[in-house]
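Before anything else, here is the set of structures, which you'll find just below.
Heads up, the next two complexes both have subunit A, just with different partners, subunit B and then subunit C.
Let's turn to the complex of A and B:
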């Protein structure tokens, strides 16, 4: 019997086909049977909650109290409240700092730099660096959050011991800086691997042409490397921005505090919806977050498409 | 004065592979010089070390008298064409050609004027605005040449410049390359594994094997008198006949024939010495009757006839192994018939211990006491 390969192949063209006509030789009925469990799971755990969130956003539903048992339809009031909320504005601004600082600049630049420096190296040093960077990426968030709290702690913290600054409360004095640095450390592995693969695809003769012409590192990157890996850069930026925008791990370190000074968007939703119990209000924020994600994705996809169109013309 | 002077150049790769082994070489100013050899012989490493893309483990490289062994490639004043041409796909032809000038921060107008000159020299005018992907292989190769020479380098290095072209275009590009080199008169070193290309283009050839130069000479010298069995087997589009034999009474018994020892080395080889007798198929004449009753010809049965175009390569199966002989068009024998291959006078070479036996010639090389005779 043919193994169930890609189930989506069977859903593709709607033209009716005889059993066994498709690549896997299954026919419609059996193909549908293979796909059905996955579709049911997706519907129950993804589609329904999403639609439910849309509905919640239009009610005053709360976790407890009268509104919990008898939610009322409030129309677009929640959205008006969110957009007028000072906490929301602050959270949006902090999220922007978090995404630009840790993902777009931090992870991308650091990841590329490591990949560039390691491009010609083989052996122990390379494996060691890559292993350590990867370790930060694959460890569970709760574990590394615990490690970072231990690192940054005011009283027995490792960082204070290293710097000789006893009593500095990093998480209270510089909460945003802490989570930005934390996220750079945590997520650089992805950019490093992606750029490592991309740089490996630049023909050595192109880099050598630049060397022979006497190009500086910056000139080499500008003329020989970056034009060649532009697609990789955009893909990496898209994924890293979205992941960072939706990242909840900083909550495990600062819990959004002190006093909301590190309350990025995902933490803000959590606090309002589950902490304060305002589920309707939280659902409205969630929808706005989804829209922002879509805008980010569209911007990058547009940039990618321009590039492929240019490449097609060339 | 030599334009490139290499002394004791050694390159050992991190894995312990010795790509170049204490190599000495002089290339004269304006010379068109070929590095020839099978893959892995170190020819590309030598070229890249001259360019500065590889650092020498030991030894010195001097370009025009100044030591550049430790200089980075950008400061050696060399232009190089890579096997894959290494054109930047995202910029047009003119920008590609002008690239070395852009790196050197030449003024915009100046660099485009010089790039246009170089493009004109290589017949690329009218293609300025195209991207490399819109060019044919031959045009791409010329863009790469134009880019290498736009900054007027002192040395021109070519790494297998013709190997990515199809056979027909390769001949055309070969002629063009030779014309260009004559016109510019710039010292040029090129790497090739194609012996026909090296013979056709170069003023002098270095045949390399295992990081050493096995023979250095003009194409005529290398073709007519290969200095050792390696070069003898490597050079020539139809491989040289190499037949084991023994010297007796001023003649060589080889493959059922008795050939006289060549005049210039008569008396150099004691009786009973085992030698290898080398004679090119082009230097053998086919005969259907034994021309020399004394046996100065290789006899055998015609087994294979390969058409080469204007001539044919006939293989004779004799008692000492197959002997190949080039036969003029129209006079090919029938397979299965008997035939004899008669060496032309002065074209038989004898190799002892893998090296060509040459005349002691004290007048020619008085300083070499034991050269080639050991």
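Let's turn to the complex of A and C:
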């Protein structure tokens, strides 16, 4: 595309007040034209859908039938229906288990433990451990999902062969535990890298002092390490919670089943809106999810600000 | 004495923990390493009876290679759009004083992390439906671009802010037009930033399942993530030789990209916005 020309940019040197700023002589007009495509794309495909949800959630929009072509305004009915829906309550509870169990506890504790154990190791073992943990994180979700289905398979799965428990249908008997463990496996890499970097910033002299004073590992962690990384803990907890809350990969493993026993929020919204075709109802859930995301993101930004303020004081 | 016992116990504990971690993280991956080369792959991981015949089966499957091509189309299309739009916007925001630009970026970044594909799947689906972008690759590309752009602009603006303006000023003294300066001075200087954003975008799109699953209907247009899912959810017994080789081929580019990036730039993928 040809950006509209700005007279000032074309006619020699700009006014002096812009000299240090607009080094290539772009000018306001061209600058606006440069920003416009990105802003339009963001406005149409990111911001508009979110605002539109406000309206869609108040209609009886459906995927098929009369309400598909001519949706009616139903006010707050959808919100009342969602909040009164037993499946929604179950989904909320399962999501809480999923986020707290896999992200807040699982990934964080395991990631920190690996980072701590590997802190002063170099060489092959460290590369192997980090490589495997990272591989779990970077491989495509649908490949990983099948690997876990194969691992947990009732008849010939590797886990049953290893434990000597043939015929145990893990995904049917313990679907929630399966996706929680799966997500710990999938996402530990982030916590491992983050805490690895944070531990690396703890002055070695502090650790050395703790060692000479005969402090136990637990005491060292509590008194020398934790105070130094506290800011990172809160921000990373919020970040992994946000990601885990929005994760759709469990759908690829259990599809919410059996009987909705692993139907976390992301799967619930898919099932009601696109599976059952109740788009208005689904839009109401979408808005609730966006609001939950907003709360987590605002807490995150606040924690980030507190951290940088403390860093500025220190 | 007591010290020695404690030290020994500590070492045993450490070794147990490290072995458990290695076991936990490698166990699901074993199947991916062995099954593709096994003459008769089962669902459990076992040392293979070596063969490359499974890859022949992969070549013969009508959907497998076509879906990888679709993944490439989506990834390249999105990356081209994201990098171009983000570079233009980031440069202008970095060099030209626009009131409230920091607040704008901040808000956009916040929006992109809360309006995720999962949370907003209903309005995104309806938007694509009303714009006649359902079952269109362009629709998927546009939706993904909208979500990735804020972070890409943010990254590139950071990068541009860190480069001195003296090259641009010098070029200007010699009478280069603004667009010439952009092409011949700015682009080469921020090239590492452009490469970073490209790799990041390709990685995000390559693994993405939800958007193509939501927006594409025709299996001929489906990318590898969706075809992989249909391989094991549709039609009776899963075809293990096909699934295993396909998984390997589909995973390989991500691993190569990761190795390339960590070698070349010495940094790691950061999570960014997962959609």
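The criterion applied here is as follows: the second predicted complex is superposed on the first by the 271 of 314 C-alpha atoms of A that agree within 3 Å, B and C clash if a C-alpha of one lies under 4 Å from a C-alpha of the other, contacts with A are read in each partner's own complex, and residues count from 1 in each chain.
Here is the rule we use: contacts are C-beta pairs under 8 Å (C-beta built on N, C-alpha and C of every residue); 3 or more make two chains touch, one makes a residue touch a chain.
This is a predicted model, so every value here is computed, not measured.
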- Item | Partners on subunit A (subunit B, subunit C) - clash or fit | fit
- Message: With both structures fitted on chain A, tell me whether subunit B or subunit C touches more of subunit A's residues.
- Response: C
- Query: Between subunit B (first) and subunit C (second), which, if any, makes contact with A:219: first, second, both or neither?
  - Reply: first
- Note on the structure: Smallest Cα to Cα distance in angstrom from subunit B to subunit C after superposition equals 7
- Note on the structure: Interface residues of subunit A shared by subunit B and subunit C, listed none
- Message: Under the stated contact criterion, what part of subunit C meets subunit A in this complex?
- Response: 10, 14, 17-18, 21-22, 24-32, 42-45, 81, 84-86, 88-89, 91-93, 95-98, 108, 110-127, 142-143, 145-147, 149-150, 153, 165, 168-169, 171-172, 177-178, 181-182, 185-186, 203, 206-207, 209-210, 214, 224-226, 228-229, 231-232, 243, 247, 250-251, 254-255, 258, 268-269, 271, 274
- Message: List the residues on subunit A that touch subunit C in their complex, please.
- Response: 9-10, 18, 20-28, 30-32, 34-35, 37-39, 41-42, 44-50, 52-53, 56, 61, 110, 113-114, 117, 125, 128-129, 132-136, 138-151, 153, 155-162, 185, 190, 193, 217, 239, 242-243, 246-249, 252, 266, 269-270, 273-274, 279, 282-283, 285-286, 289-290, 292-294, 297, 301
- Item | subunit A residues within the subunit B interface of the complex | 203, 205-206, 208-215, 219, 223-224, 227-228, 314
- In the complex, subunit B touches subunit A at residues 51-53, 72-75, 78-80, 82-86, 88-91, 99-100, 102-104, 131, 133-134, 147, 151
